[in-house]
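Each of the two complexes below includes chain A, the first together with chain B, the second together with chain C.
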Partner chain A sequence: MATTLERVNGLEDTNGQPPDKPARPRLTVGGLAARAGVVVALTALALWYVFSTKQFRSDNLAAGIILAIGALSLNVLVGYAGQISLGHQAFIGIGAFVSAYMISQQHQPFLIGLLAGALIGLAQAVILGLVALRVRGLYFALVTLAWGFVGENAIFRIRSLTGGGAGQQAPRPGGFTTDRGYLLVCVIVLVVILLVDWRLVATKAGRALQALRESPQVASSYGVNVRAYTLLAFAIAGTYAGIAGALFASRRTNVVAVDFTFADIALPYLIVTVVGGLRRRGGIVLFALLFVLGREYLPDLAKSLDIKFVIDNAGFIIQTFAGALAILTLIFQPEGLGTFTAPIGRWLKGQPFRLSHEAEGREALSVRP
Partner chain B sequence: MLAAAIAQPAVFGIASGAAIGLVAIGLVLIYKSSQVFNFAAGEFVTIGAFGLYIGDKEWNLPYPLAMVIGALAGLVTALLVERLVVRPLADRPRVTILVATAAVATVLIPVELMIGKVKPYPAAPAIAGLGIKILGVYFSPQRALIVAVLVASGLALAYFFGRTDLGLATLASSQEPTASRLVGIRLNRISMLTWGAAGLLGGLAGVLLTPLTASFSAGYGTTGVLISAFTAAVLGGMTSIPGAFLGGILVGLVQTFAQFDLNSVSGSPDLAILIVLVGVLLVRPTGLLGKEA
Partner chain C sequence: MSVLEVAGTSIRFGGLQALTDVNLRVDEFEIVGLIGPNGAGKTTCFNCVTGFYRPQTGRVFFQGEDVSDFGPHERSAMGMGRTFQQVGLVKSTTVLDNLLTAQHTAIGYGAVSGMIGVPTTFPTERALRRRADSILEILGLGALRDSPVRGLSYGTLKRVEIAAVLATDPDLLMLDEPSSGMGPEEAHRLGDELLELRNAFDLSILMIEHHVPLVVRVCDYVYVLNFGRILTEGLPNEVREHPEVVAAYLGEEAPEAEAEAERLEAELEKTAG
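Up next, the complex of A and B:
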């Protein structure tokens, strides 16, 4: 808390740098080489996986990246705005259908569809954010739950938008129609989102949000505009969700309403955020990929072991396992997988390798009173 | 016909609202004792319905016994959730427990799908038939039974909180947990008691409500009942048991009238719920019978 408040003082700085930021440690040649080596090795491993396996494996990786973007959206909402969403099937589904509608019905290019998905995500998040500002504590979670079911049962039944039971076509962008090509699109979008997220958290807005989450009263007395920054967090979360939806649509090339249910979207996305670790981007992306790869390889494993039950129920088993993992994470390791990825991330940024961090011991998940 | 246009949906609404009220009372009990929103409550309902199905159709037990099995299945689930998930998190922020209960639903729904497969299950009513017709309005025995169970539960809880020491201890621990522990109230026991009661009520709701919809499938309680029950609890003030009782009936009526009169708008019951919920939270956050914010 003390650290956060000291850093909130830095909000007045116009250059966006906190005043107490430690000087970047100087790296030795060996240190630099080791870090460069790790980055190259990881990139090579990823490329090897993509090109040594069959095309459809890339499609699965794309699904993991889309899941990661959706979970990053929840990360902003839960980790920074201190609000929880149990209605992400609506955010992501509406983004998907609007993008698909723009591409196939209005004959717009893919980028316009992506932009439209992002904008509609932003718009619904801001509207719900206005409600959230007036609702105290956890009651907002109920509003998102209700909104999710309105999405499922009312909005997704608007035939002209969603194409009814047959679904809406959402062609992939030209030149990127193969699974590997589309994976590249998803990777680029994820990298952009990670950069935006990183800059956002590292600058004035991020410190304001962090202060806000810990105590709105204190933050407000330091001159943080509570309304504006809460809405900003909602806007960002909604934009990410809309983008995840647009990518989801074109990955499938045909979206139907039954893709976006509470049990298939809202719950797993929240679980991935929690297990990955709130405010731990690396952990979230890693667990999203593990979640999807688990769903991909478990049936293969079961086939080789010839366990029929597992072959038939692989998706359900992974979801059960992830849910149980989330409960264990909350009880024993509130920072999630981020506990393990954060030291690596700090090391790559040039700091010495340390497992602990000043944030340790602080509750990862908390909400405004 | 006035009877067909107003009285019939009203009867339907009160009956389904009574079942929603049972779940809402469970939410209120847990909220009062531990200030937790229990997002696993919907699955108590589903498991109750599965318990009835297994007892009635698979084991061919007499129907009342199958109902008991359904209610007990809800009770056991709730006790397990309390012991394995909620108690280890007791000292943590409320939102952590909220996410944990959502995670419980994430675990239970695929488990139900694995055991029960992706298919609808029939749910037979306790007493079949359309029931008696008075002035063009049908009163089915199943609906009468639901309302009777709600009233009985309400009376039992009123007796429990008003006349018994344990009930008083429960109220005390919800108002002042530390002071209650100092005077010798065992908070873990109280927590077990409220979760158990909530599970029992949820299981009962599953046993009673699913015959009205004629069938149910895995995840039914979470997708079909949970948000209605939360809205009912919020409408009643979140801490008031009579409020949840009343809220349940009102929510049932609103949903049924939305279904009957706005059936050209798809998802009209869900829209109605969202409007009621946001309306209550914005205009009167203390609900109808809530005491303080």
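Up next, the complex of A and C:
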């Protein structure tokens, strides 16, 4: 410490450059080839899956991607901001109906519908965010639960918006009307959202939210505006949810109110978020895809094995399995299944393969009191 | 011009009068100590100054500006940096990440620009890292750069916290018991560091401290708080000798209490007899 003053002066001379900068580990040719090989193999597998004979597989993947986007929305709220939403059927449903309404009733292009869905998602999330500034923890969870039911029982009954029992038409964008074409749209949207999510975590807002989640006192002593950033988190989550809704609507091409219930949307989305892993977008996307594919393939598998019980009760089995998986995850792997895929992600980024990462603390789903 | 001026601050929590008419001042480049027994209201005073509490009466002036109506984040952005008694760090992340988060208000781009990946945000992020590295280097914490905060020893956490607050680029550094959890030798070293940091970062310092030798060595001026009131103020050596300060720290039996005890004893004897 006696030499610090000289160090300070030295620093000023070199224009703020630290004296010894840790060198980034360089990849060998072999390492680079191995990583490229894995990426190519995975891409080929995905392409084979999409272009193998059965058309409906693309539709499944699209459903999985939409689920992933909805779960990423919950990840922003629960994972980044430490808030909670048990009313995502309203977030996603309203986004879906507004998008469908804009496309079919107002005869706007798909992109405008998507944008309108995103905006309405943002708006309702910010309103809930204003509530979150005053009501906390379990009480706020109840507010979001209530908002979900308001959506189900009031907003989804507005005939002009939702088309009543017959539902609202939501045509797919021109040129992308096939399942494969629409899958491409979903993939593009997912990639954009993943990029935004990546930059979110890596920059100002992500760090501010992380501090905020742990301690509003520390965050504000670092200069973070607690109210503004809480609202920002809600705005981002609402935008993702609205986009997921818009994609949901056009995938079905006709949306009805019964699609958006607590049991069908809010709960499974939350389970996917938690099981996939809070703050682990890779794990969330992967688990969302597995969840949907499992739902589609279990009946097929049961038929080929000729197990009558499974054939008859496939829907229940999936739900029971998802619930059990959520409980097991919270007990044994509170950081989610994403912890298993994270080492692969780090390896692909060019770091040596290590199972654990020192900067990761164990932190389960927590609602701030 | 004084850096910080607290004028007539009083705060009451329900039936508890936590602070009564507290006045204190920190001048430019000064190290001011705030001492007093446990429960005297020192941390409450910090919370009033930094905006976490809103006192019922009194104003807070920071660099000549009345900041009484500003929130904590606004005061932090103006150059008030503080540490917490129970270590104010984001514990689920690394030392470096804390120093990056602490530079929040210095970041030139907006939150949304960062999210959508505006190209200028990338060099800014690199500059933040360089600045964090240089602060860690100055405090001799360079080796801990990528260590998770959770798992560091209490004494180290206190130093990391100072590094993080320095990253907020403060003009006034407010330290809440910086030497707690340190041995006498470490506390002595901390004194040297504080004096050097003041020079290196052009700081004024207001610190709550129990370690008297440290206070006497580094402080230019000392305020003594007792039961929410400023008991006395002055140069460290004067204050240390002040009879009321000695009494406040060591405790003193009030004459009325003594009389009451005698009366009760006499009564007890009477009933027994």
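Here is the rule we go by: the second predicted complex is superposed on the first by the 340 of 369 C-alpha atoms of A that agree within 3 Å, B and C clash if a C-alpha of one lies under 4 Å from a C-alpha of the other, contacts with A are read in each partner's own complex, and residues count from 1 in each chain.
Criterion: a contact is a pair of C-beta atoms (placed from the backbone, for glycine too) under 8 Å apart; a residue touches a chain by one contact, two chains touch by 3 or more.
As the structure is a prediction and not an experimental result, all values here were calculated from the model.
J.: Give one of first, second, both or neither to describe whether A:L348 is in contact with chain B, with chain C, with both, or with none.
T.: Neither: A:L348 stays clear of chain B and chain C.
J.: Contact-wise, after the overlay, does A:L145 reach chain B, chain C, both or neither (first, second, both, neither)?
T.: Only chain B; A:L145 stays clear of chain C.
J.: Classify the contacts of A:A34 with the two partner chains as first (chain B alone), second (chain C alone), both, or neither.
T.: So A:A34 meets neither chain B nor chain C here.
J.: I'd like to know which partner A:L270 touches here: chain B for first, chain C for second, both or neither.
T.: In the superposed model, A:L270 contacts chain B only, not chain C.
J.: Name the contact category of A:N313: first (chain B only), second (chain C only), both, or neither.
T.: A:N313: touches chain B, not chain C.
J.: Per the contact definition in the header, classify A:A208: touching chain B only (first), chain C only (second), both, or neither.
T.: Touch partner of A:A208: chain C, not chain B.
J.: Is A:T261 in contact with chain B, with chain C, with both, or with neither (first, second, both, neither)?
T.: Touch partner of A:T261: chain B, not chain C.
J.: Please work out whether A:V187 is in contact with chain B alone, chain C alone, both, or neither, and reply first, second, both or neither.
T.: Neither partner.
J.: Looking at A:V126, would you say it contacts chain B, chain C, both, or neither? Reply first, second, both or neither.
T.: The answer is neither, since A:V126 touches no partner chain.
J.: What part of chain A is shared between its chain B contacts and its chain C contacts?
T.: 363
J.: Using the touch rule from the top, collect the residues of chain A that touch chain C in their complex.
T.: The contact residues of chain A facing chain C are 1-2, 4-5, 7-8, 11, 16-22, 195-196, 199-200, 202-208, 210-211, 214-215, 217-226, 229, 232, 236, 358-361, 363.
J.: For the complex, give me every residue of chain C touching chain A.
T.: Listed in rising order, the residues of chain C that touch chain A are 50, 52, 71-73, 76-77, 81-82, 84, 88-94, 97, 100-102, 104-105, 107, 109-112, 114-117, 121, 125, 127, 130-131, 133-134, 137-140, 142, 145-148, 150, 164-165, 168, 189, 192-193, 196, 199-200.
J.: Which residues of chain A touch chain B in the complex?
T.: It comes out as residues 78, 82, 84, 86, 131, 134-139, 141-143, 145-147, 149-150, 152-155, 157, 261-263, 267-268, 270-271, 274, 309, 313, 315-317, 319-320, 322-324, 326-327, 330-331, 334, 363, 365-367.
J.: Considering the complex alone, what residue numbers of chain B touch chain A?
T.: 37, 39, 84-85, 88-89, 92-96, 98-100, 102-107, 109-111, 113-114, 219, 222-223, 226-227, 230-231, 234, 265-271, 273-274, 277-278, 281-282, 285, 293
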